[in-house]
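Sharing a structure, written as structure tokens. Questions coming.
The first chain written gets the first letter, and so on, giving A, B and C; residue counts start at 1 in each chain.
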Amino acid sequence: MIRRTFLKLATATAMSALAAPYVHAQDKKFAGVTLRVGGWGGLYDETIKKYVAAPLEERTGLKVEMTAGTQSADLVKMVANRENPPYDIYQADSAYMVEALKADFIREIKESDVPNIKRILPGFREYDEYGVPYSVFTYIPVFNSEQLEKPITTYTDLARPDLEGKITLPAATFDTNCLYLLGMAEENGGSISNMEPAFKLLEKAKDNIVALGQSTVAMIQMFENGEVAAGVMSDARGYEMRAKGLPIVSVMPPQGIYGATSYMNIPKNAKNPEAALAFLEQMLSDEGMLGLPRSMRLGVTTDVKLPEDIAKDMTFNSLERLALKKNVDWEKWMADRSSRIERINKILRG
Amino acid sequence: MNPPLERNRKFTAALLLAPMVLLLLGFLVVPVAGVLRSSFLDGDYLLEGTGFTVGHYLRFFSDSYYSSILWETFVDGVIVSLICLVVGFPTGYSLARLPPLARRWRTIIVILPLTLSLVVIVFGWLIILGRNGLLNSVLFNLGIISSPKTLLFTRPAVILVLVQQFLPFMILSVLSVVTQIDPVLEQAASNLRANRLVTFRRVIIPLATPGILVGCNLVFVLSISAFITPRLIGGNRVPMLGSLIYERIMSEFNWPSGAAMAFILFVAGLGFTAAFNALAASRLVMGGRLHAR
Amino acid sequence: MSSNHGNGLHGERDYVVELQSVSRHYGESIAVADVSLGMARGELVCLLGPSGCGKTTTLRMVAGFVKPTSGTVRINNQDMTHQPPYRRDTGMVFQSYALFPHMTVAENIAFGLENLKWNRVDREKRVREMLRLVELPHLAERLPTQLSGGQQQRIALARALAMRPAVLLLDEPFSNLDAQLRVRMREELREVIRGVDVTTLFVTHDQEEALTMSDRIVVMNTGRIEQIGTPGDIYESPESTFVAKFIGWCSVVEGAVDATGTFVSKSALKVPGNWQPGPANAIVRPEHVHLAADGPQGLVREARVLESHYYGGATRVVLDVGGEQLMMHERFPFGRHPKPGEPLNITLNTDEIRVVSSSSQTFTDLKRVAI
């Protein structure tokens, strides 16, 4: 309770410091308005600034301010400041959408508000009128082709005895990254409500695991340092390592690929809802949509036409591939997170 | 005595203490009380629960997983303290026996690592201990190992990095107490036919005990509450309670449960150090009074 | 000349402690230069000198805390130069006493005995014995911090003596005591030392301490030995102006010894005798100067009072005697103290006045070069 008050106070102070003076006498629609977007840092934010924020500012005079944070910390900030949210746009992946809906601080966004919503591919908008999906990650096995004699082809392969002391998996607290477990379950007759096969396999894979990655950066470093030869990573990071010259192969498990979608949301009490809607419209435009594929080869959510040279490096570059994308019952996945984290911790404990 | 003056002095003392007391009250006592309260909340999401339950505590103690991690955390804390003591004592001692000027800049060197961000330190160790890292290549080139070994993500690696981080606290504690020990006492011991080992055991160690205790307490408390090092260097393979609490609060948003675990660690740590100090103090008094009765 | 100077240089006599041409340098500076000294069994020898004269360094070289740059330290006829302190048969009382604060009095005294592997029964017996010796048996279980300065000193002495060391070393043992206690402790200490008949080397800058306690005094200056002798020798027959000035009050009258062996000062003060011809100083002590009325037989001289200091029992008067400044200690009747400017008639007891060559300081230098 104290914390909440403190956060409110801190945010209010920051707000008043940040509030830009109103600049009038400009024709542009959002001149003098500053849109605050919660970002995820690094190249990801740079890309959104370049392909979404910059063209928008050019056209409308809207200033965009992206603040790098983590989903979990941002969620706490949003919950603690319902009346006065720190961001006009709050980003969440499929998993955190469940949390954001549970916390009930985001508003519905209709096609009438953001016309480009009609271009979103079927099945990509998982939460009815909430959240605008704009990018797709997958979490797939990857391996270093120079260090493994026998390639990995499935999630189950990660438990192969010949991989002893050679793999890294994402830490249990990364909900979307941990979809590899769902892959292991479904490849072995389990399901989201019967994860036992996955946990049995994890038990088997225990000695294979050198470490759990606390961040994607840490995991990339493990590959770079030869600490591990295989693991589970997002397709974007696989591409990143290949681009750096590492012989990393991204595996497309034939029984299905698990991924998550990134969403942009507008908080109920957002200061600049109009500008936020304009931002989303730009995000879903061809120009905005192609940014992340260009820079990180991340998947798209609309019917935008992908240039060939980019498409070849992307996971979802064909209908066959798209058919591999499995739907996830996110609500169930998130309801089980505490017990899942504890179970993984217990299994991996010596 | 002069009563008004006396009152005045008390007032001045209160005034001088006030900022410290207010600071501690506002930023330590109140938040800790808040943590204590939230650990009894009947809920598992942020602070949205209500009522009063001991469920979070029960869950901790009924699951051997948690109690064994608490135990291991303490064992790690003791090991780190002991290694720091063995390594830090000679350093602190020799620093204390240097002339003040030479001591000053060497002390700065000892403190220097504390000014580095923990993240920088941890990444430095990742580079040293990595499979392609410094240590592996040295061992390989010396022919001690035939292929690179996984050194990271092991308990010894976590302990090593914790020792490196907290060693300055031990050195400084020993340094401060040894500078209080008159070197002439060592000469006296030597004159009384005590060789260096006997002098060390019977004169230096007993007199340095306060500093040793402070150092051990500091290192122990810092070690059991560490969470970044076990997470990054241990790669989740070396669970320590600190990182578990971090996960529960920052990733699972289960603040009541995290608060309960934090409080258990707090009380257990306090109890352990109190018992240790009482024991050490009684040993010290006994040692001093061996022939007394 | 310093007749004892070369004593036992080659170990032909049975000395308990023997320093043979011991020097200690600290870089460029020389703390102790070519000190040779032999101590006979049971002897109480005092190293006396101003601070920085090398006396403490010499003591510490005997104890083994300081290694000589050159020379040999022998204890009980064994070369100990390179032995650590704990292998040397010495017992030391430190200036600050250095009692172990975490041990009781009894434990402090037993500490050395434990290291000497005495058994428990003997140890306890010896501790009781030592506490009786220093007359503090009731303090056995006290901690050092609960003792007064004088008690601490006695315990430090008991601790050092408990081991029956070949030589007892005392480093300025009274400097931490107040003036009255100092005199009492001095007498007590001397009694205890005489009682156990231990060879003792002690360091002081206090001439009174040296004169009252020692069998022999070693006067040191700038790292060198100025003179070795009994308290009487040192006081009555100083061999250098330095020794004379350092021990007791004196006036130094500059002059020269003529061919007949008589000292003549610049203002024609004569000290007859058979002195070595050459430039010389006459050492006139206050007790050589008397009021003409009550002095011994001698030439009456006229003097004028320059300064007058009342000390209770006596008055110290600085006189101008024919152009020389001389000092006199005299008891004047109450109300009759001399005032500056007043004339006085005095006699000089020239028989007792000592004349030293004013180049005598170079004697030791010459000797050092010769060796």
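The rule is simple: a contact is a pair of C-beta atoms (placed from the backbone, for glycine too) under 8 Å apart; a residue touches a chain by one contact, two chains touch by 3 or more.
Chain-to-protein mapping (UniProt): A = Extracellular solute-binding protein; B = ABC transmembrane type-1 domain-containing protein; C = CP4-6 prophage ABC transporter ATP-binding protein AfuC.
Source: prediction; values computed, not measured.
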Touch-based graph of the chains, sorted into line, ring, star, complete or other: line
Centre-most chain [mean C-alpha coordinates]: B
Label of the chain whose CA centroid is most distant from the centroid of chain B: C
Centroid distance [mean C-alpha coordinates] between chain B and chain A, Å: 38
Whole-Å separation of chain centres (CA-atom averages), chain A against chain C: 90
Approximate Å spacing (C-alpha centroids) for the pair chain B, chain C: 55
For chain C, residues contacting two or more additional chains: none
Multi-partner residues of chain A (at least 2 other chains): none
Residues of chain C defined as touching chain B within the complex: 63-65, 84-86, 90-92, 94, 96, 98-104, 106-107, 110-112, 115-116, 141, 143, 159-160, 163
Residues of chain A defined as touching chain B within the complex: 1-4, 72-73, 75-76, 79, 99, 102, 165, 168, 171-173, 209-214, 218, 221, 225-227, 337-338, 341-342, 345-346, 348-350
Chain B residues touching chain C - in the complex, by the definition given at the top: 182, 184-185, 187-195, 198, 202-203, 206-207, 284, 287-292
Residue ranges of chain B touching chain A (in the complex, touch as defined): 30-31, 34, 38, 44-47, 65, 69, 126, 130-133, 148, 150, 152-153, 231-232, 234-237, 239, 244, 247, 250-254
